[in-house]
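Just below sit the structures, each encoded as structure tokens.
Heads up, the next two complexes both have subunit A, just with different partners, subunit B and then subunit C.
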Partner chain A sequence: MQNKNERRREQILRISGVNPLKCMRCGKCSATCPSYDEMEYHPHEFVYMVETGDLEPLIHSTSIYQCLSCMACVERCPRGVEPGKLIEALRLTVIREKDANHMTADTIPAVIDDETPQQAIVSALRKYTK
Partner chain B sequence: MKVSYYPGCTLRNKARDLDIWARRSAEALGVELCELEDWQCCGGVFVAARDEIATKLSSVRALAQARDRGQPLVTVCSACHNVIKRTNQTLRTDADFAAKVHNYMAQDPNPIAPYTGETEVYHYLELLRDVVGFDRVRAAVKHPLTGKKIAAYYGCLLLRPGKVMRMDDPENPRVMEDFIRALGAEPVVYPARNECCGGYVVLENAQSAEKRSRTVSASAAGHGAEMIVTACPLCKYNLVKSGSELPVVYFTELLAEALGVKEESYAE
Partner chain C sequence: MQRIGVFVCHCGTNIAGTVDVKAVAAALKNEPGVVFSADYPYMCSQAGQDMIKEAIAEHRLGGIVICSCSPRMHEATFRKTAAAAGLNPYMVEIANIREQCSWVHKDMAVGTEKAIILGKAAVAKVNLNTPLTPGQSPVTKRALVIGGGIAGIQTALDIAEAGFPVDIVETKPTIGGKMAQLDKTFPTLDCAACILTPKMVDAGQHENIRIFSYSEVTAVKGFVGNFEVTIKRKARYVKEDVCTGCGLCTEKCPQKKVPNEFNLGMDNRRAIYIPFAQAVPKVATIDPDYCMMLKSGKCGVCSKVCTVGAIDYKAKDEYIEEKYGAIVVATGFNPISLEKFDEYAYSQSKDVITSLEFERLTNAAGPTQGKLLRPSDGEHPHTIVFVQCVGSRCEACSEKGKEYCSKICCMYTAKHAMLTRDKYPDTDVYVFYIDVRTPGKNFDEFYRRAVEEYGVHYIKGMVGKVSPEGKKLHVQASDLLAGKQLHIDADLVVLAAAIEPDRSARPLATMLTASMDTNDFFTEAHPKLRPVESPTAGVFLSGACQGPKDIPETVSQAGAAAAKVIGLLCKDHLTGNPCVAHADELMCNGCSTCERVCPYGAITYVEKEFRMPDRTTKLRRVASVNEAVCQGCGACTVACMSGAMDLRGFMNRQIQAEVDAICK
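== the complex of A and B ==
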């Protein structure tokens, strides 16, 4: 278990390119995050929890599906930590597991209407499936 | 002048207005948009993870085709632009990524010469500002939109990450406001103009996207705008779906109207 957690943490750091140790815990990323109210864990908490290896709560939290990839936190972090990239990498380590896609083509018809742009569908599938 | 043009899948379907008025207006301004052959969907959103290779290949193929034609690559949709420009930047700066891309591409039936980010990518707004010039746009306006108060909505995709997109100051942009001025209208600057509409999360958590979008349209309306302009089909969808009290219009439609090419028949 310990090993799996450590492997996941290494993978997150490697594919995101983020170094959580640069974080000075100012909270600006969370203050600027438009999805703050939808999240149980917020961008600065992701950074700290990945740093300490406390990944279990994050893996099981719906917070990983609430990020809009808007890059506001990436743009505004005074330390160049890029929390949005860390959240994305964490989500990828979850949905890349067997049968762990968060959305499937079958679930799409129920959430679209006549005006939904193709862009919304391909983007959601790209963010929520492997 | 001739430039390569990548419309993207949404502009061929739900966002035909964004495409058709871009083409008509370019023609009126003396720019020939030469559509790429056999282009593929960009995927809608950039995946930042360094080990995501296959999902970026459609962008690489588009970029390489423009390179082979010796033309810059122009996109209109904010999302395509974001994906293609970020892929281009990654190819320029990450040799490991570029090497992996070449390995994939070598398996194409007609492999292209290795591509490492040579193509210049312009959003249509950059084309207007940097290549055509807003002065020439202004001079070509036949029906100035005098007195119209228009809110430019950048959203997130046009501006961020600022270091990669390099279109404008990500926190205090002006390209769309200058565009609006060139058409004779009055830009309305409002706080939420560079905040996200909720994007693809509309399919995961519709209420979240609704809240985001309402914040944007209320901010624009509260600052006296009569209309919102955007370059993004998903921004438009989310704003309209969330009940924006202001009409939401593609910037290319506004341009075509001002240039006097909107009256002509819609047929291609």
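== the complex of A and C ==
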């Protein structure tokens, strides 16, 4: 179990290219996040929990799907940590382990209405077509 | 062949831990010329030095090799030891077997082998050493201080009090610098002007101090003790010695729409102006970018109202040349530009201001006469948000901000927050911080008072964005301890912008050949042991040009720099470095390559008469080195195509012998 967790952590770091040790814990990512209220775990918590290897709560949380992938946190982070990329890597890891996409690309048009922001469509493509 | 002695130091276990010092001493004993070889636990100790002196006398040594730490540590020590024993100090060579050997190796066999090789190279070199005698150069007993902020003023006052003449060169029309713009100073909250202006007046009236305001250094030649500096005195169009500073012209000037830089553009001044009431020198200056008389020849009001005839529209920039023995750099700092931090809406809303602008807004001499009012509508703000670390502590490759902590922001923000709550108890004041860094005498106590006595809300977390919404500023931020995202409708947002060295520092460093770090802060000669000296001899550092610092630290450093300058100016002569270049005139082909590569301007060409083999004489152009200016860098010896240039103490054949010894 220990090894599986460690393998997952390494995979997440490799996919994202993120070094969580660069984080100085200022919280600007979570201050910036437009989905903050929807998420159980927030960008700064993702960075800290991946750093300490506390992955299970993140994997079972819906927060990984509530991230819009707008990358505002990546843009604003003063230390260049790129939390958005880390969340995306975590999501991909979960999807790959399930051996199935959370949603298929075909199902996306059905859930889009006129009020869906374009950013959400872009992020949906990022999330569900890999 | 010299009679050489070898001395191998253990440096406790620093060297002996990874180098078999006895094996090194034994191996070097067999090198050509070596007649004595020994090891000792601490060569630099008195007992170690006595051992060297005794060996020099007993074995009639003509050269010695010390296998020890870097020559930067103890070369001077061992040269003095040799001199005390009657040996020319330049017959001493150091083999660095600590920094370049024992500290970088873990394996005893490898370390020992390398130490022996380094020792052999030093023995090969000392075999070719010749006794050298340093020259002497006189000292000009006058100092130059570049920058007239609190750092420059304090340094100048301390030097002047010791009896030496000092010149201050300041680019602005008045001395005073950033401190003159501040309202109160932490942690005692005394008014900045009340403690600064007496010093400005002292500097202005001191018989040993000359102030060149509205001036800048344009060229520096020479070397420690003998700098020749060109100072550009920008035309201020007002005769400095005639103007009485009555200020009538600044009231009558019809050009009223000039952004007032002293109040950071938050109000306007006239085209002829005196920056502030306590300016030193208290002399008006005409801003040529806005004066209608200078631009179009139509106006002349100031000239008409001036009762002493001080206005001179035909004034030109003047250049003066002066000699100095020492130069102190005190060019100070500026807040960074915030245009790349648009998430804080600095360029979108007048109510998002920097901390320096906040100082002016709370200063009685500022644009609001000291009442804290919103710049947009002049209303009293109720909710004020302070954001710390704006542009400080960014990643190293950041294009937006700086990697370092700006050091002063935690304290001035605590001061702003405390004073706001004290003066306006109806306000809500929030401070968003990453860490509160308050090391300093009475500093942390001060910050705690802001929280405990004045009820400032300190929130751990950063502000993500500020969006102007109607009359309010919507602030979205993290509260990391509560695990919440906060939304605050603020009336005023104050950004603690990172500080950076003044832009004049980089070209000045080039003129002075003084080194800088990647952030354009001047580098000190040693970060701990020589903190106020530049590695360039005769150039000293004072204040924030060397790194971010607050007023108490700046004043201490300014005094320390002054002490170093006084120590230099007290000397009548300076002993030079004999390891300088010299040209073999018979080999020099007059190509001028060395003259072009010399960074110190130490090489000139002279016409000389030479006897030719056929008994005729011929005029030839040959290189000539000014030994007082040469710093011994060796660039000319590498560039010289005919092999005429050589560096004393580091001659080409000495270097070759070292390389041969290493490769043998």
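Following the convention adopted for this analysis, the second predicted complex is superposed on the first by the 104 of 130 C-alpha atoms of A that agree within 3 Å, B and C clash if a C-alpha of one lies under 4 Å from a C-alpha of the other, contacts with A are read in each partner's own complex, and residues count from 1 in each chain.
Just so it is clear, contacts are C-beta pairs under 8 Å (C-beta built on N, C-alpha and C of every residue); 3 or more make two chains touch, one makes a residue touch a chain.
Here the structure is a predicted model, which means the values were calculated and not measured.
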{"item": "Contacts of A:65 with subunit B and subunit C, given as first, second, both or neither", "value": "first"}
{"item": "Which superposed partner A:118 touches (first subunit B, second subunit C, both, neither)", "value": "first"}
{"item": "Which superposed partner A:92 touches (first subunit B, second subunit C, both, neither)", "value": "first"}
{"item": "Touched subunit A residues, subunit B compared with subunit C", "value": "B"}
{"item": "Contacts of A:109 with subunit B and subunit C, given as first, second, both or neither", "value": "neither"}
{"item": "Partner chain(s) touched by A:22 [first = subunit B, second = subunit C, both, neither]", "value": "second"}
{"item": "Touching partner for A:14 - first (subunit B), second (subunit C), both, neither", "value": "first"}
{"item": "Set of subunit A residues, in rising order, touched by both subunit B and subunit C", "value": "37, 72"}
{"item": "Subunit B-touching residues of subunit A, taken from the complex the two chains share", "value": "14-17, 34-35, 37-38, 65-66, 68-72, 74-75, 84-85, 88-89, 92, 102-103, 108, 111-113, 115-124, 126-128"}
{"item": "Contact set on subunit C toward subunit A in their complex", "value": "343, 389, 393-395, 397-398, 400-401, 434, 460-465, 476-478, 480, 483, 485"}
{"item": "Touch list for subunit A against partner subunit C, complex", "value": "22, 24-33, 36-37, 42, 44, 72, 76, 78-80"}
{"item": "Parts of subunit B lying in touch with subunit A, wherever the complex brings them together", "value": "8-10, 13-15, 41, 43-52, 55, 77, 79, 156, 159-162, 170-171, 195-196, 198-206, 208, 211-212, 215, 232-234, 236-237, 240-241"}
